Amino acid sequence: MTATSQATQDVVFDVDHVTLRFGGVVSLNDVTLQMYRGEILAVIGPNGAGKTSLFNSLTGVYTPQEGTVTVAGRAGDAPVSVIGKKTHVVNHLGVARTFQNIRLFPALTALENVKVGIETRQKSGPIAAMLGMPWQRREEKESTATALALLNDVGLPGRGNELAGALAYGEQRRLEIARALGTNPGVLLLDEPAAGTNPVEKRDLAELISRINRERGVSILLIEHDMKLVMSIAHRIIVLNFGEKIAEGTPQEIQRDPVVVAAYLGTSAEDAQQQAEQAPELTLIDTDTVQDEEQADD
Amino acid sequence: MRNRTLTTITVVLAAGALALSACSSSKKNTNGGGLGGGSSANNGGTNQTYKIGFVGALSGPNAQLGINERNGATLAIDQANASGKYKFKIALNAQDSEGDPAKAPAAATALISDPTVVAVIGPAFSGESKAVNPSFCQASPPMPTVTASASNAELQNQGNKCWHRIIPNDNVEGSQGADWLARTGAKKVYVLSDLSAYGAGVAGTMAKELKAKGVSVVSSGVDGTTTKNYNPIAGTIAASGTDALFYGGYDAQSALLAKALVAAGYKGRTVTGNGGKSSVFTTGAGKAGNGWYFTCGCQDATIAPTAKEFTAAYTAKFNTPPSTYSPEAFDAANLLMDAISKASASGTATRTSVLDALNKEDFTGITTQIKFQANGEVQSSSLIVNLFQEKSGAIKGLGNIKELN
Amino acid sequence: MNTATRATLRRLAACLLGGFVLALMVGRQEGSLNDFGISFHQAVVGPRIFVFLLIGLVIFVMVTFWPRVVPYLTRPGVAPLGAGLLAVLAAQTVMNWYDPLVSSTGNGKFSGVRTAANASPNLSSVSVAFFGWLAWTLVIAALVACAAAIVTRVRVFGYVTAAIGIVGAVLAYVAHSAVVDLDGGIDHSLGVYADIVGFLLLACAGITAVHARAEVADTRGFLRKVMGYRPGLPIAALGVILGLLAFSTAGWFGALQINDTLAQAHSDFDGTGISSLALNYLGWLGWTLFGAAAVLSLAATYLRNRMLAWVSLILSVVGVVLTFLTLRSMTDIGAQVAPQFGGTWKNLGAGGFLACIVFSLFAAATAMVISSTSAGVRRNVRAKAPTDELPVTSMVKGFRRSSNAMPLLIIGGALALFYPPTLTLTWQNVLVGQIGVFVLLAVGLNVVVGWAGLLDLGYIAFYEIGSYTTAYLVGALPVKPPSWLQMSPLVSIPFAILACLIAGVLLGAPTLRLRGDYLAIVTLGFGEIIQILAVNNPGGFTGGPQGPTVPHPRIHLGGINITWGQDNLPYWYLLLIMLIVVIVLFYRLEGSRLGRAWAAIREDEVAAQASGVNTTRVKLLAFAIGASTSALAGSFFATQVGYFDPSLFTLQASILIVAYVVFGGMGSLQGAIAGAAVLTWLPQFLKAQVPQDDRQMWIGALVLAMMIFRPAGLLPAKRRKAELEGLDAAASSETAAVPRAGAM
Amino acid sequence: MSQSENWVQQLPQNIIIGLEQGSVYSLIALGYTLVYGVLQLINFAHSEVFMAGGFGSYLVVNGIVGHRHMTGVMVPLTVLCGVLSGALTGAAIAWLLEKVAYKTLRRSGAPKLAFLISAIGASLFLSNLAGKLFNRLPNNAFPTYFDINHQLFKIGNAKVTLIEVIIVGSAVVMMIFLDRLVNRTKLGRGIRAVAEDAPTAALMGIDIDKTISRTFVIGGALAGAAGFMFGTAFGVSNLMGFTPGVKAFAAAVLGGIGNIRGAMIGGLILGQAEVLIAALPFVGAQWNDVISFVVLVLILLVRPTGILGERLGRAA
């Protein structure tokens, strides 16, 4: 595996000693990590490890009690704290995300879904729209063109006028990525993009993610249970367990890390190391029936 | 495509149907005898039917007041038709306005465009009156109207020549009531309004007149349509140290207030206006209603025996005792029938001739003597405000309020 | 007892209960204070209850045996049979047949005419029989024969049905004209025409049933074939038929009970100093114009010739203009002769307006030719590159692609312009004061509730603020504005809008972070507070429960002097302008980025935020735009009705407007318009059908029934409808309909 | 005596009156909250269930009492009959309402607001049908089968009357009963499970339809009983439901809609607020609703999901 896009040392996300609690439950405990521009960083961990909590802390949905999170979304941006920022502001800083349980706008067409993302950066107001001002029409045309290009890009050509809710599951995943890309992000947060997809779709998706990273220069933060997918595309992996970071490294390093294997298999580190040596291609976990962390947090 | 085609066809069919309807039959009326309906307004004779219109709330939150009036008018008309007193038949065309100034114009135009309607009872409320009186009076020819309940003190000043009212307005009742209260030793009066147009009007006048006479006044309001629990306000009234209460509002609410006042132990005099004087009050309040005073520009039923007959006939017909404004509407209907008969003495009665006859009327009804001033109000000589009091479930007249002490 | 039996028994119980409830609903009985149960007794004790239970039983039998009927329902002929039956039933039960009877005895419906006909010695016996028993017998005979034709497919049954249908149609026409001939008077009733259409449809049903070869009917396909054969031709043909009526029998000028046809008007106005153009129009020009436009549009639609179509279009426009000039000079003369019966534009019959509609139909037909010939070219282009041009929204797509849009707009516009003058005064009033105003309000609330998905139960407050702002600015409130600020009603509209914008933002800013039902209660509270403020009259500002009297609007601009008064028609045209402007603006807004952002937060607020939508700003905009529409309506209403008081602005009114929006189909502009129009039309319509005291009960029952049978509303939004259909498929378990708790 | 002294002096009395008013609100609010819990829907026709309970109990009590005067043991018996008949009528109407206006819509997967409209339709229908059947007077007083203002005892200078004791007492009994029902019984577990997560509850073998139907019946019974109490104190009418319905809805939201104890607390707070504000010096009773709603809005701005928060399942 070769990292085709140069992982520079430009930091996108700087998470410094972040702790997030819900009542008495500690969801993230003193987590520190950096994400670098251009890399595909995967966050893995068993259920309830705090992966989605981390996502929500990065995007302004949750406000951690302790620690700092700064982001420099697009190349050349100065780092800005996201703590206490509204979600849409964080998005405007160049951070886009998808959701674990797909959250499209089902009653809108696929094209409209993507356009919603694109248009949040447009300028024309309601009065211009009502009067059909030329600049508003131009923006409208631009967003349509961009959206069509994005749909083509994620592999949904000619599906623009179908209702998002009527698309197949895998297509909805792709549409969600297209919508996120529409906001012109510097970094894309993917929350279990492969959940519920079949092997063929998974392969296509992995290819799509790599391509986005490669061609658009978008850094990608990935939560995924499917180890095969993670191992095949991630440049670097961070492992969370019980809200704490327990390991960090390249896929190869992680695969051999006894602490990680222990966390997944629930056995001692020594046993795990032994197993890992015997079967280096071990898939750490099954991906089905994943408890929705977000709902559990409510 | 399918739906669109279907829509097109629907629209086309609808257009066709609408247009067909517009294609009015246009024959000139050459035949004298017809179905007995369409042209009846034009031929005289004994089977002539005139219609009296009615505009008021028959549905919606204020329906009961409108229904009271319509029943009163219906009774009068049925009695007249049965007695054969007049050479013509009378029918009632009642139009529901929901008591809503925005919906009243539709009801009013329905009456205006019905050529057989020669006069109108109503509109029942002051608000709708303001909205539709101009339509009635600016129609050609103008439609004579007699309201039996719209007591707002501005209506007579709006220059509507076709408009008449057979009850005293809020100012008259309020000022004479205030005069009486001040004269009979009230030092501090609690004036409560139900926040309806009627209640606020009469309570407002009362408060103003009392203040002018040097009586100290505590004013407040309780929404009559939404409030059922009068205990809190009764407690406030009882603790206010006032020696009299005036309530501007209607019968059902007055009954609830009366009960609450008894529970709160209020000792002062309790007075309300015409809106509260009905059997709904006496049955609703029960013992608590004992001793309540009512100011009313109406005659005493014990003096006018016709009023007793009215009560009996009304109760027999509608299975319920007459309530607020039923007697007034009964009078209005009889008044209009009288005017129509006078107008038809010299040929067919028309709106114009009925209006003329109405302006010249001198009619004794069960509530009052009716003779109109130029502005449509009853002449001041007949604007006698009488005082009534409930004594063990019956409302007894005490006489002219000006002469009482 | 197995489940099937239990289900049947349950259904029987439900049907009988329905019959019982119907017994309570129908009848003159009214409760009273003295005997509380009297109406209950009258309703259910005694033999009349059995009638209603029998109705319940009949419905039960029909529902139970419905599956046996179903196979026949797809047969050809069933659709026209159903439509015809419906039309005849409606015509002979709820529609008016003879307007003069309405005013004299209160019932101009079929039954009313029957009563009058029975009592009339001068009416021909056929007509008496028609109204008496013949009509209903014919309906039943046609139904039986047609059913036999559909089931057996024996030809003779079909012909019998056709014969009965045609006889029925002819008799209906004859009987109705006999009545009108006998008694005269101005009659605008619809009943006979609906009846004729119904009978003719029955006739078609019979023929279709025995002649169609297909086993399964393809009604839509058939209609498509007819409409698609020559675009516009059916419309042009309709125009010809209506035109013949308009120019031969319809009334053009009438004062009181006398109605002149075109020819009579010509002789009446000859020599009265009427303009020569008008006289010529009445004499020959009208006919000639009509004939030329008819021939040209028929030729254009048949030959699909663009050149002819353009000529016909121009001729039609000229026709409308000339008709108007003629009507104007007729009424000018009328005003001179009899000033007490009205002035300019008064006393016109339906004929002139019908002629205008006819010319508009020709225009629509030819527009269809023009757009279909050019659309053909465009369609070819699109076929080559299907993804090239993707429309803004699906609704826009549907509209643009349709070559019918233009003609539909023309017909709709013609009806909006020329139909209201032929309405009765009462209906004109309802059209302006109820339907029009509430359509405007519903369109505004649709932005908040339908598009942005925010439940606003205090919407009436903005209406109120708009009304009171106008009242204040025209000096109708006890507190007068400074004299430099006092203005005329129409000028105050922008200020009213501004006031409501501010109020909308003031309400929205702190409350919009509340979700769904919490927002509902806060807006409800806001509505209540504003209403109570108006009632309580703080500082003597509002005048309290008695409300202000607002002058009618007038425009004095240079040479233009327009004054509005008691007459409702001028208000209608003013309102029409407002409505069109608002609808066009909102239509554009729906397809803009803001419209999509609203849809996004309605669908999933979290995802919208994550996609960068500033939900607070977008929601505020929804509130502000909704509020300003409401201000426009309020301002118009205040000056149109001339007087209002705070009792109009209750919570019930707010809830009703929400009902209009949802009833019509949430989130669709057409739906909001249709919902408001239907639900404001219904109360007035019901005045002639049920006791007035019971109207609201029937409205409640009808709304309930409508929601049960058509939960998505009258005209659901296209996108929303698709969403519903998707749900239907998934709704195999009941739980699918249980809404998800919004996860935040 | 100044007005503010008056207010302080009346405070105990007003608190008792407010308790009476609040108990009625609480009982109605419970129906809103229960239905909201299981369906996430505001049952706008609930106020008509309350009205129906009033009329049902009126007919029964009127039938028992007539023009006689009740004494001794007959008085509590009549009250019991009234409560039961009110609850039964309310339960029956609520059951029918669910079958007609809600179940059919649930089956067709209608959007949430469609339920609101069908409920509004049902509400219009029921209140006007009652108007037609009985009468449209603004209030019909119950026959005086006992002296409702009979003073039982005094707390300080505050009188406690018989009707107040009856209303508050039966409300407390019913609330305890409901709390037990929801927390301790199988039905209660079902309701909580459906409220928490309907699809999962269905998977676990809970009959969703039946649970919803029963929830309506329970809420309807409470509202019906409240209808009787309200009617005894203030009379019944076909439009009696609307205002208490809106107030109770506000109370349910105030407490945290979907939360049973929240509804009780919300009702009591609203009852107190109304009475105490109405008696406030220099304000006047006409501002009562304005102040109530302002308080409501302020509370919601501080606690956007009500005082106790949502969740029928959890907080109960």
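So that you can tell them apart, the chains are marked A, B, C and D in the order they are listed, and the count of residues begins at 1 in each.
Following the convention adopted for this analysis, contacts are C-beta pairs under 8 Å (C-beta built on N, C-alpha and C of every residue); 3 or more make two chains touch, one makes a residue touch a chain.
Treat the numbers as computed from the prediction; the structure is a model and nothing was measured.
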Most centrally placed chain - per-chain CA mean versus overall CA mean: C
Maximum centroid distance from chain B, chain identifier (CA atoms): A
Comparison of B-C and B-D by number of C-beta pairs in contact, larger one: B-C
Whole-Å separation of chain centres (CA-atom averages), chain B against chain D: 36
Mean-CA-position distance for chain D and chain A (Å): 48
Centroid spacing, where centroids are CA-atom means, of chain A and chain C in whole angstrom: 51
Multi-partner residues of chain B (at least 2 other chains): 59, 61, 63, 67, 195, 221, 223, 280, 283, 320
Shared interface positions of chain C, touching two or more other chains: 32-33, 532, 535-536, 652, 693-694, 696, 720
Residues within chain A bordering two or more other chains: none
In contact (per the touch rule at the top): chain pairs: A-C, B-C, B-D, C-D
List of chain D residues in touch with chain B within their complex: 1, 6, 9-10, 13-14, 17-18, 20-21, 128, 131, 135-141, 144, 149, 161, 230, 233-235, 237, 239-240, 242-244, 274-275, 278-279, 284-286, 289
Interfacial residue positions of chain C with respect to chain D in the complex: 24-25, 29-33, 36-37, 39-40, 43, 449, 455, 510-511, 513-515, 517-518, 520-522, 524-526, 528-529, 532-533, 535-536, 651-652, 655-656, 658-659, 662-663, 666, 693-694, 696-697, 699-708, 711-713, 720, 724, 727-728, 730-731, 733-739, 741
Contact set on chain B toward chain D in their complex: 59, 61, 63-64, 67, 195, 219-229, 231-233, 235-236, 239-241, 250, 252-253, 255-256, 259, 262-263, 280, 283-284, 286, 320, 323
Residues on chain C engaged by chain A in the complex (per definition of touch): 386-387, 390-394, 397, 585-586, 588-589, 592-597, 599-600, 603-604, 606-615, 621, 625, 719-720, 722-723, 726, 743-744
Residue numbers on chain C that touch chain B, as the complex places them: 32-35, 38, 98, 100-106, 113, 116-117, 119-123, 177, 179-190, 193-194, 197, 220, 223-224, 227-228, 234-235, 238, 241-242, 245-246, 249-252, 254, 256-261, 264, 340-342, 349-351, 353-354, 357-358, 361, 398, 402, 404, 407-408, 411-412, 415, 419, 422, 424-426, 428-430, 433-434, 437, 532, 535-536, 544-547, 549, 565-566, 568, 637, 641-645, 647-648, 652, 684, 687, 692-696
